[in-house]
Amino acid sequence: MANAVRRIGVFTSGGDAPGMNAAIRSVVRTSLHMGIECIGIRRGYNGLVNGDFIPLDFESVSGLSRRGGTMLYSARSEDFRGEAGQEKAVATCKLLGLEGVVGIGGDGTFRGLLELSRRGVAVVGLPGTIDNDIACSTYTIGFDTACNTALDSIDKLRDTMQSHERCSVVEVMGRHAGHLALYVGVACGATCVLVPERPVDFEADVVEPIRRARLGGRTHFMVIVAEGVGSAYDVAKKITEATSLDTRVTVLGHVQRGGAPTARDRVAATYMGYEAVRLLAEGKSNRVVCVQGDTYVDYDITEALKMKKGLDEQTYTVMRALTGVEQR
Amino acid sequence: MANAVRRIGVFTSGGDAPGMNAAIRSVVRTSLHMGIECIGIRRGYNGLVNGDFIPLDFESVSGLSRRGGTMLYSARSEDFRGEAGQEKAVATCKLLGLEGVVGIGGDGTFRGLLELSRRGVAVVGLPGTIDNDIACSTYTIGFDTACNTALDSIDKLRDTMQSHERCSVVEVMGRHAGHLALYVGVACGATCVLVPERPVDFEADVVEPIRRARLGGRTHFMVIVAEGVGSAYDVAKKITEATSLDTRVTVLGHVQRGGAPTARDRVAATYMGYEAVRLLAEGKSNRVVCVQGDTYVDYDITEALKMKKGLDEQTYTVMRALTGVEQR
Amino acid sequence: MANAVRRIGVFTSGGDAPGMNAAIRSVVRTSLHMGIECIGIRRGYNGLVNGDFIPLDFESVSGLSRRGGTMLYSARSEDFRGEAGQEKAVATCKLLGLEGVVGIGGDGTFRGLLELSRRGVAVVGLPGTIDNDIACSTYTIGFDTACNTALDSIDKLRDTMQSHERCSVVEVMGRHAGHLALYVGVACGATCVLVPERPVDFEADVVEPIRRARLGGRTHFMVIVAEGVGSAYDVAKKITEATSLDTRVTVLGHVQRGGAPTARDRVAATYMGYEAVRLLAEGKSNRVVCVQGDTYVDYDITEALKMKKGLDEQTYTVMRALTGVEQR
Amino acid sequence: MANAVRRIGVFTSGGDAPGMNAAIRSVVRTSLHMGIECIGIRRGYNGLVNGDFIPLDFESVSGLSRRGGTMLYSARSEDFRGEAGQEKAVATCKLLGLEGVVGIGGDGTFRGLLELSRRGVAVVGLPGTIDNDIACSTYTIGFDTACNTALDSIDKLRDTMQSHERCSVVEVMGRHAGHLALYVGVACGATCVLVPERPVDFEADVVEPIRRARLGGRTHFMVIVAEGVGSAYDVAKKITEATSLDTRVTVLGHVQRGGAPTARDRVAATYMGYEAVRLLAEGKSNRVVCVQGDTYVDYDITEALKMKKGLDEQTYTVMRALTGVEQR
């Protein structure tokens, strides 16, 4: 069966995430395997606007799976937001003969793909963000690596907090979503976890779990705060006021975005890259590749952007049980 | 609502797996939270046979999630295989007043639980094995850590294989199951992966992928062999004969069983431990806690033991696409 | 030959450092081997003042080398600063029959040992601090682990800084000493390193190296700032003003104090623990165990406290050569 | 002052070691800084014989410090062993105008440099081998990374050996030298360590330490065997015969050669690379750059090759104290 596309482009956009390189490699290799040419667009939508690209072959993506970051660079593009920029992007696609593009990123990336699609370019999006906040997919490329990076740092913090019998307040990434904070919180056995999706009752959500742990014999404590909740320094100050504990704040920051991707991120990225090219080859467009549990599926981008993703409520049930705190 | 059990035991059995400690911690903490007493049985079924146990409280499992191995020790029990041993085990349960037990391990562990159950002890099994070969669950505690440990070693091997332009033949664990080998193979971008579930056509499955990679520009190669396929040394010898490549064999071995569990293993173990106690508290017995995609469910042990789990065929499709090899 | 002491105490004091546990294990095991009893004093000098201690035997320190933190806890002691506290500490030694004590920490710890020594207790100090700022020793327990922890985070940061073509400003520990910053800076190939020991000429020390790197082809930059230099946020702001670069600040913080110690820290701690007990057994007192290059030696504490340690000037020569910047 | 050389080559030879890339980067960057051109010779002496080289500039070695392996590939060269090969190598130097070469590797590499030197090429050697078996230098590039890689695996093994109460027999690299085995043995708290430099008294060196540990309360054991001692499988078999312990063998193998270099290896490699170019620029030849403790020095190659390096006897004293075994 003939492929619906003969030449495609691939790019990464928005905040980078570990595994993006593995996805690029998979898109390139799958294309070659299917007899499709693949071009790398650099610096996200800017590359489409400005014609910033590199040819990619089998060997140019060798050994790429294990590398953090993205070899195609990433950026947010002011130019692409306007009509003029979008037309320049489409003109670049025409000039280069790109019949399809694969964009790896988050919701912003997908909205950009919609614009290209409206102008006649076949598009597929891949969910790549450490926040795991893309509604249509239970998993996003980069989440697992970010969780393990945060966890590794928190394990180290626990050593020194235990030695000094302190309360650690750790800010993890997540401006609008608490998935990372919650997952890491369960994994590290946090005393409590604060996320932007749930209003914080300081007495019930922070002080009581600390008390419970102290009553249970603990003399050090681990409080996880998602970025979007507010300043970890404020949380620490309030803890000291309420409990007299000696607190230390750590803001894990951009470290969470880097590093060699974990097995899970490499595998998910590899599968998703394959699916993206398969969809384009079959003449599909306007799709996001997603994972539901262990199954790879795809959604219409417009539908996908309308979906909502809540926090896993069971996490709270489990976490409160383990920290000995009554359910609210 | 009153709990169906007032005192339970927890033990680990069979080959150990990273995350078993996190599961133990979760069982203990959830029990305490629900007002159930929890006793640790040591050395698997031997502990039940011989009355080898320790009391466990809130603080005794603190900081346990991050530890590899199992604080309750593990073992295979000859004694428990016979009628006499099984009766001694039940007698221990009666003496200690254990109304339920949670056993963490593989199919062998679950078959033992059935025996206890037939003699009137309420039982729940948790899937803990690095092989991910428990049919009823898409995921088993320890698999993710083992994959990342193997991957980390393979990344290191790649460095030196690349320097010397050699072909690396790596034996990973998996006597009867190739899940670990396949997952790691996709993650590391292996040239090819050999698993016990599929007969090996050496020319098509090994030599051709190596040739394809060489034609694509590669000068080093990574061949992953699951333990059950046969000797990695034999595979290496045949590769050298067929291709004249300089090969090096690495048997990753028991290293894959240890190490601090990853975020995923700690989270899965924590959820599963919670579910196990919840089931016992609700008066359920003869259940295995499983995960299907991202959802935690439970099955009747007898049913669970009858299920079959095949390899993910799509993995082959994806992997062959990426290595440029035609489908068989 | 009879030992000069029959029972000794060991404690950790001041900021904890990875490897302190390995040193404790070595002190305990060496004591037992030499026929000396060893008691663990908890929470630094507070433990001596308050009689807070635990007995230690062969098995109680098993598996301890690999653990971060300190099993004996650490603290700064207000009580011990006064005459009354010091007398209470000596009274504790007398009550417990401690003829010698080994204190692991920094200069503050050694000054405390001097007070004990003046009151008749035999004392030996071991240099344990991640800052490597103890003048008499070219190496201190914890430095290597802290360097590798910082380096690992910086490697991750580099991934994301490269993807986004940003300038990373990383604050590492070191209030008064830049050893950690400099070592890590050389190891990570930093664009420049700012330390408290050298006044900063912003144009020559920061802007020019960034320009050189940009001229050489780099589009991302790594600036390392030791804590004592001032706020990393201020440095970042000045860089943006001077260069228009997009900067991101990371404060590595207490993560650098934790984690499983590296081989080097475990080995150094093990040797030093041995030497400490040997000295006490031989009737020596008032000594600090040090390392000079690869040789373990010991100094009089009073002499040791008078020594000065400068930064390694050659580091600057090498680093400037590598970043292409002219010597100042 | 004018440089004695205007264009130099750099290559890596023999078994690769983590940090070689950092050394290459340092040689290239220092050369550029001093106004010397630097060419990369590929595949060790083969590259000189066959004219296999690449030009290197500032950016081509960017981000290289953190990479394991060697970007210049390594190999042993049959051709260079003969007169004809050596003359071809010198002819390549003349053709390319290489007035000096820096060779990174072990004693074999240095002997090759001597041949070049006799034919009029200025040469400097850098000690790069994970074995730390170069007599003139207390430290060789790659040793620290290899130790930490081995240690990390052994820590993982300890988890599973502890769970199953087994005796682990671990073979580490070291065909003729036990430095790696001994260092790792002290770091991991091994029950005993067998090295090729010392004849093994099985009863005193293996069985007695195991007994001592068992008497002290241990139920798992860690035996480290350097490759050159003989088969780890034979050692395990003898242990089982003598003690009835359940043993498991792990051969760590080539994994020890790879991986991102540690801070120490990157720093040592960076300094040494700088020193190598400085020596050539000053008109020196026939030198090996070495480290003595913390000081970088250089020796005449002929002198260096005559030196001998024994095992550190104190390691035995310390290790036996810690394992509770009497001195032999």
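Chains: A, B, C and D, in written order; residue numbering restarts at 1 for each.
Everything below uses one rule, namely that contacts are C-beta pairs under 8 Å (C-beta built on N, C-alpha and C of every residue); 3 or more make two chains touch, one makes a residue touch a chain.
A quick note: this is a predicted structure, and the numbers were derived from the prediction, not measured.
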> In terms of contact pairs by residue number, which of B-D, A-C or A-B shares over half with C-D?
Replying inline: A-B
> Using mean CA coordinates as chain centres, what's the subunit A-subunit B distance in Å?
Replying inline: 27
>> On a C-alpha centroid basis, what's the spacing between subunit A and subunit C, in Å?
In response: 36
> For subunit B and subunit C, what's the span in angstrom between their mean Cα positions?
Replying inline: 39
> Got the subunit D residues that touch at least 2 other chains?
Replying inline: 155, 158, 162
> Line, ring, star, complete or other: which describes how these chains touch one another?
Replying inline: ring
> Which part of subunit C faces subunit A closely enough to touch in the complex?
Replying inline: 12, 16, 18, 20, 67-70, 73-75, 149, 153, 155-165, 168, 248-251, 253-259
>> Can you tell me which positions in subunit A touch subunit B when the two form their complex?
In response: 25-26, 29-30, 32-34, 57-59, 62-63, 65-66, 138, 144, 147-148, 151, 155, 158, 162, 183-184, 186-189, 216-218, 260, 262-264, 266-267, 270-271, 274, 292-296, 314, 317-318, 320-324
